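Chains here go by letter, A, B, C and D, matching the order in which they are written, and residues are numbered from 1 within each.
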């Protein structure tokens, strides 16, 4: 890819101060970059400044490889957490599944029509059931059966495989295993899960059954980053659908499937377009 | 009101059996009633049959006052919980408020343009603040300040007042006091509350603050019947609205206000049109 | 299929009259049928009564094959348009597509996981592009290229093929050809289309471009029965999604795809569960 | 109000170019302003750049009264349409109504609890009906009955009254008269209307009746700036609600009322917070 066709993307978070936007946009302008998109936010509680800024590298005076070094002095002065990416350098995403096909189906189909600018080098499952679906989309499918005895060993091999394929992001597309802290720490804020409830309602197992018992009039789905505490990671996206007393648990599962796949698909889109900044237990999603 | 202008309304729940619809509709037909609306539901878990049926009393051969006696034998045979009401006999509703005006404002305005077929003989509050609003709509406003010492005594006087005015239904329109079990037992399935969260998420105090801390992307409001356990009574109606990281707790309160008043207004409508059947912890809302 | 495992489904529409529900439910009750679901509606404008009623044939005294004859006298007396079906006798559905895969993908996937109780004996297209998708789901795919000269001839052959396969329902899953009146008349109220706008806004070609030019803040999709006048047939289902000034026509197409496939999928579900009654230009959808 | 407590707000639109954000943010930074909020958009069709930027005037080196002069050279260079306002200088809004009270009620209530930072010096109506509501909120109410003969004269007097009260913005809160081109030209992009349909569907009179006849499954409301062509001005906000075959025209009016008042209330909020830029037939709403 020609370097001058790249779109640079800076995600940054630091204590608020006068002149941040001016000085960062000046950094880009003085090097010949054209700002394509800029969104910022100042959290009122802790006066923390967050920014997403995209610019065209076409006439940029520094090569992409030197951009990090060039920006470091400014970032240090601002005491910023930051990251510069290039939209055209495709993120490498691994998908974990079990037996439900709807979320995998949704992501692979969107991928196939070009909605995501990503690569999906592999799919990992604890069951062989969805291999034919992976094959239809020509993506390698690896089976790692999990039981109480082999879990640590299998996770180690999975992590090796992810490293071999230089995986950036892991998507749990209704993967019915709880990952170990060791696994989660290897991909901080990089593992995206879909939980089939409107979190924080109905944490844990069988949320549709819980919802049916409680008699709620609306069900939801939540996509979030995985942290060590179950179902409490930073929320990326949520959506809901109305239900009535007529809906059985089976109906909730059917209606919920449509929520789950759309919510996970949108969360993956935001993540791979570098729209998500994690701030403690919460996310900022620049749209 | 002329008796032949009445619309009769049967709400019934009993174990499912062959012929229930046929025999109940025949009961109406053979007396000359014309069915205006019929909705039924069989809960698959416990095979319980529920029915709402409305009919025109115009050519009905029994007078309204004898309808209960006439239907009793059938109801006994079906082992039914049931109730016959007449849509035109206006329910008498008391509204409890504290300092927030939005829910009271909404109900009184809808009442004033004729959306509800109810009477509102009085408003009760633990603060005097909303008296001018009550006066604008010409509804008597009674202040019962509550503190730790006088709560039992004040509730007793409130209950006396409700009995004096033959109140059928109590609406807690953001009333910021927890009612005693004694009070609740006096109006089983007749006290409607609005909680400013998507229950069962964020039970208890300051739900918007809880929602802000958790970083949810959607907030909600829930209207439910009051039971002795806080915020866990049968849910009548819920609705939600999207929020973003830009929204402060103050924004959530502003956006939530619009949810609260619409959700409570709809719950009151369903209740006063006899559309709600309570089944254990859940409701059936016939629409 | 054992005849006593069937669920009978009566859809009926007639002038309103006293005793309709009683007499129809009695017809079922006296033959030993257990009513599973009943929904009725009286249109206030023209006092027309509509009914959907489902019952269990398990202990029914007449065989399914004689049900039509048994009900005919009652139907004549009521001057009814009516139809009795059996939920377990799978409707035979043909899908027409062009080059967009999203609606076809959605229907075939739902079909594959058992959401529809239908058979899909064939897919017809004017382009070969989606053959691999049909093959993945093992459904015969027939290509009928259409141009100005051969349209009538091709439609005749398509109709022959539909008749050979005893097709009940035709789904136009983004089929980019206008059907001739002759074709439409062969399947009255049996051809389901998806239009990518919130009808009646943006009738005709390129509705997303029309929406973008007009600057609407919400876009929609509409599923309707096909009639001879373009995009004006009875509407079965509609849904919408919010957009902003940031969305390009390309974004509208992407967001709209998700609407189109869900709206068409729901319309097909309602149709194949016999929930839809066409009344003039409108539908009643019993839910 | 102390000048250093002000929040300055620049709305700007110009041909896109390299360095716009950098130079404008530098203009603010070099004078000591702290940027509170910045949102920008580049329309892909015509490469037009739009910006909304808010900053704190606390330590700003120029007084507010000289800000326009200071910014003019930059604006000229960019060939920009632009406007600088101060959030704390309250816009002066006149409301026009006829007989329906719901939109007026909504705006006056929100105004009374401080949701809008505006003044409402007067209400104008062609009917006396809503005078008591205006009085409850202590706002002068002027009646200008309109008929075919006096329309031009009455509008002239209304315009005089608006000028006397230095009105910035006119809200048509279900005002059932069509304004003359002369009136509209006096307040370009400053007259906000609410139309009770999902525009461009159902332009003109009785949109709920039109919707009922067409058999749509969703109804909507649209708030837009008034232009000389009926119901075709730039759309600010839209929302929708699901309906069913059960809903009569009367039900649509009831459900639609809730849409109308919320949609108009939000449009007024966006307008008075200087979030709306009109671009030809469309708006950009910065949120």
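To be clear about the criterion, contacts are C-beta pairs under 8 Å (C-beta built on N, C-alpha and C of every residue); 3 or more make two chains touch, one makes a residue touch a chain.
The model shown is predicted, which means the values in this text are computed figures rather than measured ones.
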Chains touching both chain A and chain D, listed by label: B, C
Same vs different contact residues, chain C with chain D, by half of numbers used: same
Chain C-chain D separation of Cα centroids, rounded to whole Å: 42
Rounded Å distance between chain B and chain D, as computed from the means of their C-alpha atoms: 37
Touching two or more other chains - residues of chain A: 246, 287
Complex contacts: residues of chain C adjacent to chain A: 101-102, 105, 109, 113, 115, 136, 246, 254, 258, 262, 287
Residue numbers on chain C that touch chain D, as the complex places them: 41, 43-44, 198-202, 213-218, 220, 234-240, 244-246, 248, 281-285, 287
Residues of chain A defined as touching chain D within the complex: 18-23, 25-26, 28-30, 32-40, 42, 59
